[in-house]
Amino acid sequence: MKALRFLRRNFEHGVHPAHHKQQTADLPIQRVPFGKHYVMPLGQHIGVPAKAIVAAGERVQRGQLIAKPGGFVSTGLHSPVTGTVREVGDYRGVDGRFAPAIAIEADPFATQQVDASAAVDWQSLTLEEFIEAVQIAGIVGMGGAAFPAHVKLSVPDGIRIRHLLINGAECEPYLTTDHRLMVERPEALLEGAEIVRQKLGAEETVIGVEMNKPDAIEIIRNHIRPGDPVRVVPLKVKYPQGAEKMMIKSVFGKEVPAGLLPRDVEVNVNNVGTIVAIADYFLRGMPLIERVVTVAGPGVSYPANLIVPLGTPVRDVVKFCGGLKPGSREIIMGGPMMGRPIASLDVPILKGCSGVLVFTEEQTARRKEYPCISCGRCLEACPYFLNPSRLARLSKSRMFDEMRAYHVFDCVECGCCTFACPSNIPIVQLIRTAKDDLARRKEPDA
Amino acid sequence: MNAPTDSGASGSMRLVLTLAIAGLVSGIAIIGIYESTLPTITANKARELREAVFKVLPGVSQMQALVYRDGELVAVDRPDKDEPVVYGGYDEHSAFVGYAMPGAGPGFQDTIALLYGYRPDEKNVVGMEILESRETPGLGDKIYKDAVFVSGFSALSVEPEIVAVKKGTKSRPNEIDAITGATISSKAVVRIINETHADWSAQLPEPGSEPRLEATETAGTEADQ
Amino acid sequence: MNSLLVAPAIMVGIGLFFGAILAIAQRFLKVDEDPRIEATNNLLPGTNCGACGQPGCLPFAEKLVAGEVDPGQCTVSTDEAIEQIAEYLEVDAGRAEKLVARLRCNGGHLQAHQIAEYQGFEGCRAADIVSGGGKGCAWGCLGLADCEAACTFDAIHMNANGLPQVDTEKCRACPDCVAACPRDLFELVPLNQKLYVQCNIPLAGEAATRLCKVACDACGKCVADAAPGLITMQGNLPVINYASGGEARPEATFRCATRSIVWLEREQFQEQESRKAGTA
Amino acid sequence: MDNLLWIFISALLVNNFVLTYFLGLCPFLGVSGSLETSARLGLATTFVMLVTAVCAWVLNTYVLIHAPYLRLICFIVVIASTVQFIEMLIKKLSPALFRAMGIFLPLITTNCAILGLAIFATNRGYGFWEGIVYALGAGIGFTLALVLLAGLREESELSNIPKLIKGTAMNLIIAGVLSMAFMGFAGLFSSA
Amino acid sequence: MKKNEFHEEFIKGIWRDNPVFVQVLGMCPMLAVTNSAINAIAMGMATFFVLVGSSFLVSTFRHLIPKQVRISCFIIIIATFVTIADYTLLALVPAVHKELGAFIPLIVANCLILGRQEAFASRYPTKLAVMDAMGMASGFLLALLSLGSVREILGDGALFGMKLFGENFEPWVIMILPPGGFLTLGVILLFFNWFRLKKDEFLEDVAAAERGGN
Amino acid sequence: MKKTDPDLLLFHAPLLRQGMTTPKAMRDVLYALAPATAASMWFFGLSAALILGACIAGAVMAEWLFASQEARGESLRDASGILTGLLLGLTLPPGLPLWMAFLGGFVGIALGKVIWGGLGHNLFNPALLGRAFLLATFPIAMTTWVPAVSDGGFFQVYAGNLALPFMQAPVDGVTAATPLGMMKFEQEVTPLTNLMFGKISGSLGETSGLLLLLGGVYLWLRRDLDWRIPASILLSVLIFSAILSLVDAVRFPSPLFSVFSGGLLLGAIYMATDPVTSPVTPRGAWIFGIGVGVLVMLIRVFGGLPEGVMYAILLMNAATPLIDRYTQPRVFGRGTDSK
């Protein structure tokens, strides 16, 4: 029975959106030319914002540390360009709110080279030093959540990690960043994986890739040296295959208990991009100052996979891709299922931003919302087996407290329910609304 | 509100006394109304019963209550509580005509109580009256509103037992046409009569040896007042 | 059998028997509890009808004492009895000042512009999580009426400018709207405190006024015009400290270019309200 | 045996106390707002009904044959006192049980379903066991109706029922529909 | 002034605080016996008698009854009156009594009656208490009658037993069945709500107009 | 702000949707019912069309009358009112006066839908509510069955149909008992082929079992239907009646007879599966279906009525909130303790 499940390489429920990846899947990664203005928000990751260590007017080098971690769950920040700090002040971020950020004016005459000699000999580092290095390097989960990588790598005593799972599922439609990284930089991926595996003391590295990327599977397999404890596991194409716990279920057949982490089932999961970033830091001395972004969607003139320095305004990225087509209405940071719409083109690209997707009126035409007829399609879709229909109804009636009993906090907002809903009810939004309210009202007690 | 503080023996006594006095007064009041209405109520009840008996036993003008005691059917003045009773019907010459037998049982909605007339000499049911029922208005209530159905009980053999058949298919003397759409209610009436009859059949004396009418107990005299 | 004697005898017997049992039971089975519950219970009708939604009068009294329900929820009692209960229970809770909910924002549709169009569930908190709902000012009122829905006293209605109009008569200063507002714009303020800051933007100068016409640009004129110490600037916003001893007077608002500090007579958004009444 | 079954089913479904006799409507409409309260109230009512059936039988057999005219007053006084006594007893002996059930007892005392049970059982001349079964059926039937209504009401809280209808009017209409659905049980087991 | 007060106590029970439509009390008899107008009136009259009688007694002896046993005393008083009503009806109109069946004794458990004793009769002088009781009972009677009439007209095509629409009328049987009771009362309450809403709106409009005028 | 930027839209992710929408699902049910509707006209002629029309008119009228101004067009467009009317019509006897059919549609929508706040909020199936109302209100007319049109052709209209509003239907010459009625009261079994192909008397839509099944298969293929509900209803009826016929094959009907007679197929496939009024959880659907099946057999075999599908579904509708509440799915990563 267990063996059978292993063969299925699957998790239960989920949905099958059209993947729309053909636009960019075969386009090699390009580098965006440097622009003029860069805005580096201090809180680009989950956790405490970083602390700026530069002041207005100061000259900074590309790759120079400009903000120190503000605590344990916090990372360092490096200047994406060589230039001058214009201001440390409030700027609008992806969430529409203003937050402290370091605005840098790039020096148009600088070479924008990173000093490769800054590479670190990772083998000589103790585990603590290694983790601290990852923290200073500013490396966060690049799949979208932007959870500081070093926190994930710090395994408490008594817990043993046996499997390093590298997430190359990239189940979100449109996005092809991980895909391209796997195709173009398989060595870096395998090098990074080896660093992390050795530091964690894991037995093997498993790379999970959805079966719609046969080229990536092929190339990585070709690069694995015989005898290396690395294997590639092709996964069924299904959303959200790339969600950590879903992938663990698919690959190892284990269910991570609610409220616990992958490490509790002896697994450490990292995104392809994160692993590459670790390799880049330790082998090439480059901290996290740029990332691969897929610019795609029906509203983009020339879709592309781009290396973009962090802090680049969306405006510049879009401009490089030929500007917006007429009728473009909505710009999403991240994937179409879980990404965040942005309110302004001045919002910068952040560490967790894997895609800039532009949708036109056609996709965003106001969808008529019908009453919930409890058809149960959302229940069949929810990979966490929640009851989204009830959660949405409770949220609409503002009965947020009652939603706890329906495990509202187990929801990962993957969007399957909303995708499946024939009545066009914004279920995820309603659930997030409730979570927001509950989280805020909890504060006075704490 | 200061009750908790002075809840001594005297306080309790007062409570008990108040209740006792209230009970006393109320008891007197109730007994008063009871005594003053009792004759009328008794008379009403007797009249109702008499009318029902006379209705289900055509040709009867006198009646008496009969109970089964010590192996025989005897006339009684007032049957004990919970004692099964039938009413003997007699014509104006005090000759026995038949029994009026009360029966009850579950109907479609609730208990149906009825009275039917039975002539042992003919082994026939000669009349039926529903005393109490909560059958569906318009349907089940036809068991007493539908004249055809009710008149079906005016000559109905109980040998071997009464059978309700689909309307219009009555072919034997022990068959009765059920009411269309109220089959359950019609069948319930038939079943009640059958069951009552089965209960009593062993206890009824041979035809011709029924208890005589005890002159002092004619129900007729009371109602004439 | 002489029924004339039986009836009273039975009645007296029953009365005595149960009276005695209950009296004894009360003595020996008494359980200590809050005496106020007993007293409140005595003020209630004792019909145990359950119309209040509680399983009976005593549980209702317990909830009353615990402050979980209003006396008025008893539909059987007379008004006087309800008042009596309220008086009895609220002896120590006499609140002298009437508080009302005030909104720390004056930027309705006309003053604060949208930078993007929001589409989705009509609610402030729901909109707020979608990149701030598209309103340029990330601190101001979203105008999607979460507070109106949250108000149990029907005291809040959205006005034509998309701002919540608090009916000071109906407002009971419960914190429902304070909790409902995702931007924490509501606060409970004494009705007779008339000097009020209607802005929540922590930006200064043009950065603030670019977002909203009536934003406080932190110019500081109100601080200068008010009694010394009454108003201080904290985080680019004026903060009024009534405890400072300085008298609050309308003069402090006179030089405010953006009308972000105001002198309230009664309702907060007076001009809209009077216009509405005029057209009705 | 058949008779007992029919008495039980009849009181439980066919002639449900609330839905066809309209007994116990006050708590039915008042307390059915929350499911948990309803279930507890229902159980407590069933318990009191059982006690009442016993009381009624004792009264009928030993006291009221001497004075039938005191039936009503005896029933109500005895039931009220007995329940009050039990309430005190529970409160003293098991505060937990009291919280779960006991607080409903006073409400039940003046509930017409209880008195109705005693009166109906007497009118139909039920014996001891018949009375017990009848009480059980009536109590469970009451609980069933109460719990169903509570479930429906809790669910309808999430609906946008027009303001005009919300409240008692809505509850009555729901009860009417329930009552209509219960008509399907008419005649159940009566022909068995 | 005094007269007005009596008047007021009487009127409020009929309309403003109508026990059925506004306070939603006494539902059991309300629904159980209103399948015809005659039954409704009989029940209403019985309730009237019990309510007024017990209010009179309770109010008269209100100072003599100790607090702790007041409920028991009320119940005894009410039960006595109910028994009286029961036997009187049985003697005078046995047919109606048969229809009402067990619901006459159940008047005892009508929360309206006990409620009025507790809320009013035990606190106010006799005259006021009687006025209040009469008002409440009249309101109750009115409600019973309106419900009974609607149900009889639709359910039987008749009023007070007189056929209204000729022989061919198809009766709405549900109306005299239990569900009809619930549904009819629900719909009547709906109309009541609607009426009150309209009234409030009207008053608000008037108020707004006055404000606008000033 | 620079005017060159497009006016960006903020719409919460996910942006992608699958194609199905609620009105489409409603229309699917209408399509699925088309064969059975056509069959009803084949068997009962113009009367069938008139009754269905009257029901739909009543339903739509109620929708229109009570809907708020802005919702008016919407509630008509989503086809749910028409569906309710059609379903109700299919459960009515062919000889029913038209005014009653109209009233049924009206009451079904008014009491079954409007007062709950419209589509998606009702807790009882409106069509069945309308029918229950009619059955309780006009018990005679609702249980008077006429045989299918014989030779009169399509345009023959039953005399009962044309009764004046509020007036009784004239007594029709020929009446016929339904297969269930014959089974219950006369112990007469109707051949299975007649049940499947419709040579029986009964309500408009229940006569042809095969066509109903056909529609069900269509809905299942379109994924508009929770297969668990009809499956569990039919299974439990099959098992229940199999046990009974083992006990006494004469008194109790055979399993296939139970499934194909009366409104069971119509109810199981089209009414019980009404998503609004049935449990949303998979386990709940099973419990719901089994409950309906058991209640149907209980009422049919032990109750006073020949048919119990309507009551069974309504009763389980009433229990749906409870079922839903206690059958919440097990949440990922949680044991079976989840509520």
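Each chain gets a letter, A, B, C, D, E and F, in the order it is written, and its residues are counted from 1.
What we mean here is this: a contact is a pair of C-beta atoms (placed from the backbone, for glycine too) under 8 Å apart; a residue touches a chain by one contact, two chains touch by 3 or more.
Just so it is clear, the model here is predicted, and its values are computed rather than measured.
Common neighbours of chain D and chain F, listed by label, are A, B, C, E. Shared contact partners of chain B and chain C, listed by label: D, E, F. Using CA-based centroids throughout, the chain positioned farthest away from chain B is A.
Averaged C-alpha coordinates give centres for chain E and chain F that are 40 Å from one another.
Chain F has its Cα centroid 45 Å from the Cα centroid of chain B.
Measuring from the averaged C-alpha position of chain A to that of chain F gives a distance of 49 Å. Under the contact definition stated at the top, the residues of chain F that touch 2 or more other chains are 1, 7-12, 111, 118, 120-121, 133, 136, 139, 304, 324.
Along chain D, residues 20, 26, 29, 69-70, 73, 77, 81, 110, 165, 170, 173, 177, 180, 183, 186-187, 189-191 each make contact with two or more other chains. In chain B, 1, 15, 19, 22-23, 26-27, 30-31, 33-34, 108, 136, 138-139, 184 are the positions where the chain touches two or more neighbouring chains simultaneously. Of all possible chain pairings, those that touch are A-C, A-D, A-F, B-C, B-D, B-E, B-F, C-D, C-E, C-F, D-E, D-F, E-F.
The residues of chain A lying in touch with chain D in their complex are 393-394, 396-397, 399.
Residue ranges on chain C touching chain E, taken from their complex, read 15, 19, 42, 45-47, 49, 51, 75-78, 81, 277-278, 280. By the touch criterion stated above, chain F contacts chain D in their complex at residues 111, 115-118, 120-124, 129, 132-133, 136, 295, 298-299, 302-305, 308, 310-312, 314-315, 317-322, 324-325.
The touching residues of chain E, counted against chain D in their complex, run 24-25, 27-32, 72, 75-76, 79-80, 82-83, 86-87, 101-102, 105-106, 108-111, 114, 174, 177-183, 185-187, 189-190, 193-194, 197.
The touching residues of chain F, counted against chain E in their complex, run 97, 100, 111, 133, 136-139, 141, 163, 166-169.
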